[in-house]
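You will see two complexes here that share chain A, one where it goes with chain B and one where it goes with chain C.
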Partner chain A sequence: MSKAAATFAEDRQRLELAALSAPAVIFTVAMIAFPVVYTVWLGLHSFSSTGKQSFVGLANYSRLLADAEFWHGLWVTIALYVLSLVLQLVLGVWLALVLFHAKRLPGIVRSLFISPFMMPPVVAGMMWLVILDPSLGAANYILQSLGLPPSEWLASPVWVIPTVALIDTWQWTPYVALIVLGGLQSLPPSVYEAAQIDGASAFKTFQRITLPLLLPTIVTATILRSVDLLRFFDIIYITTQGGPGNASNTLNIYGFRVGFEFFNIGYASALMLTLTAIVFGAVLAFNRLRGAVAW
Partner chain B sequence: MTDAPITDAWIRRLNLLQLVVAGIIVLTPTLWMVLSSLKPSFEVTAYPPTLIFAPTLENYAQLTKTTPFLSYAINSLIVTIGSTALGLLFGIPAAFAVSWTRISWPAILTLAARMAPGTLFLLPWYVMFRQVGMIGSYTALILSHAVITLPIVIWVLLPSFDGIPRSVFEAAQVDGCSVTRILWRIALPLVASGVAVASILAFVFSWNYFLFALVLSNGDSKTLIAAAFNFIGEGSTQWGALMAAATLIALPPLILAALVQRWLVSGLTLGAVKG
Partner chain C sequence: MKAKAFAARLALALVAAGNAASVACAADFDWKKFQGKTVTFLANNNPVAQALLAHKADFEKLTGITLKVDGYQEQQMRQRLVTVMNARSDEVDVFMSLPSREGPQFAAAGWYADLTPMTKGAVAGDYDYAGLSQALLKAGTFDGKLTSMPMNIEGPILYYRTDILKKCGVEPPATIKDIEPAAKKLKACDASITPFVSRGLKPAIAYTFSNMLHNIGGNYIANGKSNLCSAKGKEALETYSGLLRDYGPPGVVNYSFQQISALYRSGRAAMSFESSNELRTVMDGGERLKDTALVPFPAGDAGQVPTAIGWGLAVSAHSKQPEAAWYFVQWATSPEIQKRMALQGIAPPRSAVANDPAYRKWIEEEPVRKQWQAALDVLAAKGSSEVGYPIVANPESREFIGQAVQDLILKQKTVDQACADADKGLDALIAQK
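Presenting the complex of A and B:
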């Protein structure tokens, strides 16, 4: 093959490869990149009820800073995020250790543990709505038969956030556990053998050896959960719609309602872009952390 | 794998006990949902709740009689299968090209789209689809759900394509095979199991997705998930039908997930964990 023919073949191949990823890229740009730019534009405008738009600069953002409902939404989002994440990580690592030491996991057991997070969050919301009903639900019946006071659960402004966190934890802890289990299974057994020879206790082995080695996996699980938790929507929309009052009005729920219930498109765009910045900020921060704890 | 340091028999039993407790916590709410869906309507709201009852399918019958449940289900199937197919159509060649060239930005672009809150695109989509009169159309729903399925397909298939030895492709190139031909004739059959896992995960997450259909569907094109919201308003007297609806909506993803459970975890973490 001559040199010219070789470069021609190379060019052709490069072109073919570009053509292969083109549909996915064009689709994503059309469906995402363009709408995001449009959202930025919307966020700089105000729309009257007759549909007339006017450029308002950063007014939507300064309104956001003065909006008590925004700060409340941010607080609810962060409280729900931290509570759910901590519960899911602690219980997930525990469950992963239990699964790890069980050695053989029959398919039926694995299917059981993936069932919560394979069902739609909407369904999880529906079923917990019935279980947690303040007057007729099974949860309060169990509390009462144990001699404990019943709870208002989702109907209580104080308990709604912990309750939603509990539902999400029920749904996603097995997911965290399976990720951590993958990390456990990839640890070199020689490390344990050395610890055993040194006579380290089980707890010490976990604290000094297993946990540090697992950190990258735990950070991975944290990133994957953070993305979902910071934009919490489905379970809340199905169970409380942000209530009672505004007690569970996360930023995502608030932005949705501003946009699609109050049709305040400019302000909703500013809210959604702010939430997006928070999500990506968290992902980037944890990604750096993952680099720092890698071994 | 060699034994971890803890080997004593009673610790093993303690571990098994913890496994059983975790299993019960995971299983009970789902079981309660299914049980409630099978209770006669006067018993579903009985307090204290009953465990022993004569099971009946009246809730399921009521659901199909009083709501267009079947047509919601058909809508869900159309949107889910359509968006999964679109995700595969765009995702398979893209994953192959990324794996071949090691130029990863197209894959990262689709993943970033998946990480942003859905409400971010929903506003402009709503405005745009309304302008062209596509609100409530299957096309709008399938396109929006393909945003969910595309990154799943790409990121599940990337490690599969990466796993094919380069020499296989080089041999084919020597024989005069074009890159596109290599993908469809040689690479794709080799990653068939990966395609199966990707399809099922894409199906499950498209089926489960709530937000887009909530806004972009209307009375005629409402998906099951978006319609679920309508079942709730009825109050506690309708608990039986509500739980019947919940059970039926959860069934397709649960059955599919059980089929591929062994390969699911590495697919779900987008390759972050090699299970």
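Presenting the complex of A and C:
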């Protein structure tokens, strides 16, 4: 076959592949692009309580800057994010180490360890709502049985964020542990053999070898959890609806209520796009970090 | 004299002609007219819809219409409705609506079909439109358009434990001012019992708080401005929040009807100010059947002005088959179906049904049911459907009311600060109108 004929055949094959995959590509782009473009369009309009709409340009975004509830929601979102993420990473790495070293752990115990994240968040929220009920719940019963004072848990403006963070940590720590466990199993044994020959203690081995080598995996887990945590919605909606007062009113909850309870779809869209930008920003930042810690 | 006699005969003739037309219309009525069609019903999965949908097969058999039920929890139902209506979609033909909450808003947005001509057109002979609660029909009428047909009547009432009150030597409160001393005595008598419980969850507070405000003699708006900082408004805020803070259960700021009914049913509350709809839930298991009494909320300076509302069935303005949709609405709000729902504990918005022998027999079976019906009679006679501000942005107004009450329960503000902050936000909402 001549060179020209070979090039023609290659081009033809490329075209055929492009034509075959085009419908799927167009469909996927449309499914992602349409909601985003539509939300941008909605964010440039104002909708009155009666549903009448008018073009307002960037007024929804300037309103957002002056909205104390937005800044409060941002603060709640970040507080919940940082607290939950730190707890889940620390406990997730610890749990992964336990599962990695406990080779004789029965399968049933391993399954139980990782089962919470398989539970739908709505079910988890309902379950914890009952457990943490200050009057009828098991949590206060246990505290009082141990001679400790009862807590108001989700009903306290001070404790509601730590409590929600604990519920989320209970549910998602096993997920982080599974990711980290995968990372642990892929670490090269030769490095550990060398450390053993050099007489490194278990702590030093963890500090100088395991943790640095695990960092890319931990950053991956951080990215995955960041996307979920910054968009925190379901458990709060089930347990507190943003209360008491506005103490757990995250940006996502606030945007939902503005849109679907007060029918101001334009302002809600501006809020949601801002939240999306924050999530994107966090993902980009952690992606760069992942590049920096790769080995 | 002759002229008078002629006018009288003419009037008589016109009335007779009207009646004849009406009878002819009823006689022509054919339940099978829309056989083969499908009507989509967006329902709230509450006891009212559950009682109605227990008879779904009868509707389909009677009319030949297929009823497609799209059921959600209350807030999710509204979320779906907002999406459908904003898209001007005809996916929903009939939906459940609370006129006291979203009525002005949905009516101004043009989401309701006008039912007035339907009630005068294709109506079955036994429908008895005039027998429906006129107060509820009025509450569902906006700018002269009838937007929904009442499914039930409900309102907050006081449930109390006769055995605990007797044990502690407490008389049932006759006025609002009696509640606090009664609660205090109950707290001293038995520390394991919650003396008083009502709604503390922010969006849910307006339902019970409005009853207290109106009984005390307050009102939400005066001279076009929010009126929470009036003397009566502040009294209502302080009384309501004080009862929940000092005598309510821990964590009351997250309490809505589910938690309240669970607490009362478990025997851990002495007085519960909650919806009449919760009777079935509270009596479930029968433990509270013999030790509970029910009354309308005690009177204040303005007497008893109970909150009386009802779910309504509305036809979507975007429905492509409003006549078939009306057949479902008509069937669902007919005397026969409302009688069947009443026997399932759904208070009927028709006095004729309330007096029906089968229903009366059911009521007479238990003293608590008799008291329930007596309380509902007071609601029907004296009730106000004002829950939150009577403005287009009513749902948002409830947020401000709830926030003010929660601020006081949690001692985060003084009553002057709480009402002033609420009035500021509410004035802006009123101005939107």
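Operating definition for what follows: the second predicted complex is superposed on the first by the 256 of 295 C-alpha atoms of A that agree within 3 Å, B and C clash if a C-alpha of one lies under 4 Å from a C-alpha of the other, contacts with A are read in each partner's own complex, and residues count from 1 in each chain.
Quick note on the criterion: a residue touches a chain if its C-beta (ideal position, glycine included) is under 8 Å from a C-beta of that chain, and two chains touch if they have at least 3 such contacts.
Just so it is clear, the structure is predicted and the values come from calculations on it, not from any experiment.
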{"item": "Combined model on chain A where chain B meets chain C, clash or fit", "value": "clash"}
{"item": "Partner chain(s) touched by A:Pro188 [first = chain B, second = chain C, both, neither]", "value": "neither"}
{"item": "Residue contacts on chain A - larger count, chain B or chain C", "value": "B"}
{"item": "Touched partner set for A:Ser111, first chain B, second chain C, both or neither", "value": "first"}
{"item": "Which of chain B and chain C A:Ala155 touches, first, second, both or neither", "value": "second"}
{"item": "Contacts of A:Ser48 with chain B and chain C, given as first, second, both or neither", "value": "second"}
{"item": "First (chain B), second (chain C), both or neither touched by A:Phe27", "value": "first"}
{"item": "Touched partner set for A:Asp133, first chain B, second chain C, both or neither", "value": "both"}
{"item": "Chain B versus chain C as contact partner of A:Gly147, first or second or both or neither", "value": "neither"}
{"item": "Which superposed partner A:Phe260 touches (first chain B, second chain C, both, neither)", "value": "both"}
{"item": "Against chain B, colliding segment of chain C, chosen among 256-264, 310-318, 400-408 or 418-426", "value": "256-264"}
{"item": "On chain A, positions contacted by chain B and by chain C", "value": "133, 135-136, 259-260, 265"}
{"item": "Residues on chain A engaged by chain B in the complex (per definition of touch)", "value": "12-13, 16-21, 23-25, 27-29, 31-36, 38-39, 42, 94-95, 98-102, 107, 109-116, 118-123, 126-131, 133, 135-136, 138, 141, 145, 170, 174-175, 178-179, 181-183, 185-186, 189, 192-193, 195-196, 200, 202, 205, 217, 220, 224, 227, 230-231, 233-234, 237-238, 252, 255-256, 259-260, 265, 268-269, 272-273, 275-276, 279-280, 283"}
{"item": "Touching residues (chain side chain A, partner chain C) in the complex", "value": "48-52, 133-136, 150, 152-157, 239-246, 259-263, 265"}
{"item": "Parts of chain B lying in touch with chain A, wherever the complex brings them together", "value": "1-2, 4-6, 12, 15-16, 18-19, 22-23, 25-27, 29-30, 32-33, 36, 45, 47-49, 89-91, 93-94, 96-98, 100-101, 106, 109-110, 112-113, 115-128, 143-144, 146-147, 150, 154, 178-180, 183, 204, 207-208, 210-211, 214-215, 225, 228-229, 231-232, 236, 239, 242-243, 245-246, 249-250, 253-254, 256-258, 261-262, 264-266, 268-269, 272-275"}
{"item": "Complex contacts: residues of chain C adjacent to chain A", "value": "75, 78-79, 82, 85-86, 105, 108-111, 194, 201-203, 249-254, 259, 262-263, 266, 268, 392-393, 395-396, 403, 406-407, 410, 412, 432"}
